[in-house]
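One structure coming up, written as structure tokens, with questions to follow.
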Amino acid sequence: MDRLKLATVWLGGCSGCHMSFLDLDEFLVELAQRVEVVYSPLVDRKEYPEGVDVCLIEGAVANTDHVELLERIRRCTRVMVSFGDCAVTGNVTAMRNQLGPRNAELALKRAYVECAQEHPGIPHAEGIVPPLLSRVMPVHEVVPVEHYLPGCPPPADRIRAVLTALLEGRAPALEGAQLKFG
Amino acid sequence: MDLNQLLAIKEKELASRRPYTLRCCTAAGCLSAGGDQVKKRLEQAVAELGLSDQVEVRGVGCLRLCCQGPLVHVDPVNELYQKVAPETARQLLERIRGGTVSLETADLHHPFFTKQLSIVLANSGVVDPERIESYIAADGYRALHDALLEMEPRDVIQAIATSGLRGRGGAGFPTGLKWSTVAKSPGTRKYVVCNADEGDPGAFMDRSVLESDPHSVLEGMAIAAYAVGADQGYIYVRAEYPLAIRRLRLAIEQARRLGILGSGIFGSPLNFNVELRIGAGAFVCGEETALMASIEGRRGTPRPRPPFPAESGLWGCPTLINNVETFANVPAIIRNGAEWFASIGTEKSKGTKVFALAGKVKNTGLIEVPMGTTLRTIVEEMGGGAPGGARIKAVQTGGPSGGCVPAELMDVEVDYESLTRLGSIMGSGGMIVMDETTDMVDVARFFMEFCKDESCGKCIPCRAGTVQMHGLLTRILEGKGTTRDLALLEELCDMVKHTSLCGLGQTAPNPVLSTLRFFRQEYERRLKPDRPVHPVALAAGR
Amino acid sequence: MAAVTLTINGKPVSAPAGATVLEAAQDAGIRIPTLCHLEGVYDVGACRLCLLEVAGSNKLLPACTTKVAEGMEVWTDTERLRKYRRMTLELLFAERNHVCSVCVSNGNCELQTLAYEAGMDHVRYPYQHPQLEIDQTHPLFGMDHNRCILCTRCVRVCWHIEGAGTKNVAGRGAECRIITDLNQPWGESETCTNCGKCVMACPTGALYYKGVSNGEMRHDRHKLEFIVTAREEKQWIA
Amino acid sequence: MIVTLAKPKQKRVQEVLSRAAGDKRYKILDAHMKKHQHRQDALIEILHKGQELFGYLDDDLLLFVAQRLRLPPSRVYGVATFYHFFQLKPKGKHTCVVCMGTACYVKGADKILVALEGALGVKAGQTTPDGQVSVLTARCIGACGIAPAVVYDGTVAPRQTPEDVLATLQPWLSHGSESTVGD
């Protein structure tokens, strides 16, 4: 039996969702037998491959690279899962939106100028550092998504419930407190 | 004040009439075109030419054809002069002296005039709204006298019920039923409220009635007060209508001085006073519970009904709320009889309706037609169609709560039920004609923007739902929307319509729903295709 | 008081005449979601979460302000109502900046709980991300407008239990804000009695005790019921 | 996100009352309130009068009204901000109200507004920096028969075009245009 091709990606988020994924503990062993991780911050692969079965997306859409990557993921993936509050709602990543139309510039200034201890200055590197979007968005505002796995981070048992369902060919059916944000 | 005194005022007024009368329109439309200057010049000219015993220059209410103002009607030759300028006004006196004038006259045989039937507007353009004597000369306050002295309150209610009069504010609730509910509600203190917060953009019927014939509204309210047992009335009028406010103040003052308002009116036990309350720019205050909150000096937010105002209204007392046009119908019904009124109109919608005809139509202005007149008659015959021979696309009725009736359905008879069937409403009487150049998605967005700005913010579906619907409409209008956005929009329309607290929210989706119903292709051709979402989860191991 | 019999979701229920459907349902152990309702103050019917289908009425009616009637047939949990409830909650989440992960009420929030109970796994409408203030000027309490849902529970307790009238709603539509006095910083209010009832009443993390951190804020709403019962019925039920 | 930090308390009512004592307009307002027997339900009427006397409703005025009608300030503020008609900031020397009712809209009121906003560099609801002109919109002034209508300093003008509006504004702007150069 072919193993399920699983990808995970890390957009505008803190990687806490991936940490929570690692909290799956012994289920990780079982998972390793049933899936092939084809793309992830946890494995060494540069290009998002074609023919991916399931992709967990952590993080909100905050820069142009994110948008490009999502477009490719959508083309190459059967089932996309918004993984964690940043992907589902924008969460903390999207809080800069509250600063108004100049939010990207203000956020960068705060981080790299006002709070810098040495060498203040907004980093510029054409082609390497992607420009920030003027508005941070949840993933489903950019491309359609099949399933949502909320939580900040989603607890390991919640991740397990979703993955188990997908492995068994069912639509995940989180309900009640399993859908709690935060 | 008794009947003899009333008749004496009438006789005196009629006796002072002169052979010629120049009726100058002094309603807001003509005033803005210089109508007051025209009247002033005519008065000067009459004095200079020594014609004072021959000619009366009378400021009157709306003469209907607003687009051609300033208007002057000359009696008894029965000619209506249009676009009269202060400089040329003097020529009208030549006409009286048998000469000819080069001024434009309106064609009084045009359907715009001949198809009208005036009940509410009977005095409009005839009496001087600033003089109570002028109203009395037209049999004003006779109905109040007769009701007070010759009818029991229940007879008055019966007459209103038999007449078939329905609320002219838009919803069409049977007026007689409302009156009898208030009459039956227990309570020593009751109120009568006139809703003159005409808020629909594109509607100016109530303004015209108040500016042209304020006493008819006062008389209707006093009759209502007698019928339901109230002793205090309020007129809630928009601050945007300064002229109407001034004339209402004057009318109340004059009526009070003659004892027609106050204690023991016409020697009957009825005490009735009317106070004016000036709105301050909130569309939602047209909703009756919000209006009452505003009269009480609070934020104009609506509350759930029941209890209805008829049971618990102003300060918890039974309160009768009717709109301007509804009250203005009452004296005529009492004077001419319920059967007379019931013989006009259709089976379920009796009497006439005043419409403010505006937009892309040749003749804009005020019309009053029997219920059941077709939209086509109104727009094409009376309105003269679109200017420049353009093709009419739709007629919008009911303002932000209403919908657009497409041109091919203009044979619909105008009454409460027929318009509702077409997804629009009668509304208070605004009628905006749209031609081919009008973009229906833009119209829907325009009304949604209005509702969003006017939402009071109390209930969530209206406060947040209108914001989201407006956002979706803007996206679609800009060509950025997808089929999923349209689906979201339709779903929100359904939800806001059924879950909002008051009429504003419940009807806010109507312009969208109606343009979607008749002009869906205008939405669809702007949409971008969606990428499909994977319908079901994938099978294990592929 | 005379009793009336009605059915809620097909189940026969008896309630005193004059009771609301919400009260009748609660007595019968049937839960109806509410947000602007608060024991101890009058109802405003504003949040529309408790809407009901009532046989013979073409309008949906709020359970909190609709009185029971003999023979009334009420449905509280139809598919249509569930759909509307979820949409209402989505609209609320999109309206302001409800970031559960950094909220003092995370885990103790009525809005958050209602959302997951309604199966809201994401919000389909674009987030509005308005720019809103946090008022930290009061010595004891804070107000974060980002988390306010305008249920007016704080306003009602301030007026009708405390009687101070410090808080009110200003503006209208989406521009509505809860204000103190003349829209001045809470700490500069001359009418606030520092009683804290508004904080107890708040369903979300909009009003909080200063110094609480993420997830630590618990609103003690029973205190309000306690005060009202004590004042009106002279019974002190702890 | 704006966080406001505490400032020391001050007794505002007393200050306002002592300031008002020397102002004739407050006397007129007081008399008007007396006419309404200081009834709380007359609040909106009183605010109308206040705006008529002062041009707009500032905090002093609102607090004065609250004190006289024995209402909590929050109630007065809540009402004043609910109704569009009440202005809490001073208006310009001249006002230009573009009617955005349906009839005016379908006949091009939106274009008039765009032209106006472009020429003055302010948005609807704002006043030019020199305090000369306030641009406002109305939801409908009921002059649909003569659409599109614009109200200049309280006078309704019928059938306006963007050109008409700019021409009418010109005399109001004669000084403003020079001073804006180089801004």
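Should a chain be cited, it is by its letter among A, B, C and D, assigned in written order, with residues numbered from 1 in that chain.
Basically, a contact is a pair of C-beta atoms (placed from the backbone, for glycine too) under 8 Å apart; a residue touches a chain by one contact, two chains touch by 3 or more.
Everything quoted here is computed from the prediction, not taken from an experiment.
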More contacts between chains, B-D or A-C: B-D
Per Cα centroids, the chain farthest from subunit B: A
For subunit A paired with subunit C, centre-to-centre distance based on mean C-alpha positions, whole Å: 34
Geometric centre distance via CA averages, subunit D-subunit A, whole Å: 49
Distance from the mean Cα position of subunit D to that of subunit B, given in whole angstrom: 27
Interchain centroid distance [CA atoms averaged], subunit B/subunit C, Å: 39
Junction residues of subunit A, two or more chains touched: 95, 98-99
Sites on subunit C at which at least two other chains make contact: 124, 126, 131-132, 146, 169, 171-172
Residue list for subunit B, restricted to those that touch at least two other chains: 282, 299, 453-454, 456
Touching residues on subunit C, where the partner in the complex is subunit A: 93, 97, 99-103, 106-107, 112, 115-117, 119-124, 126-127, 129-132, 146, 215
Residue ranges of subunit B in contact with subunit C within the complex: 282, 299, 303-304, 306, 452-461, 463-468, 471, 488, 491-492, 495, 498-501
In the complex, subunit B residues that touch subunit D: 28-29, 31-33, 66-67, 69, 198-204, 207, 239-241, 277-283, 294-301, 356-360, 364-366, 396, 399, 430, 432, 434, 438, 443, 446-447, 450, 453-454, 456
Subunit C to subunit B touching residues, read off their complex: 44-48, 51, 59-62, 65-67, 83-84, 87-88, 91-92, 94-95, 124-126, 128, 149-150, 169, 171-176
Interface residues, subunit C side, partner subunit D - complex: 131-139, 146, 164-172, 179-183, 185, 187-188, 190-191
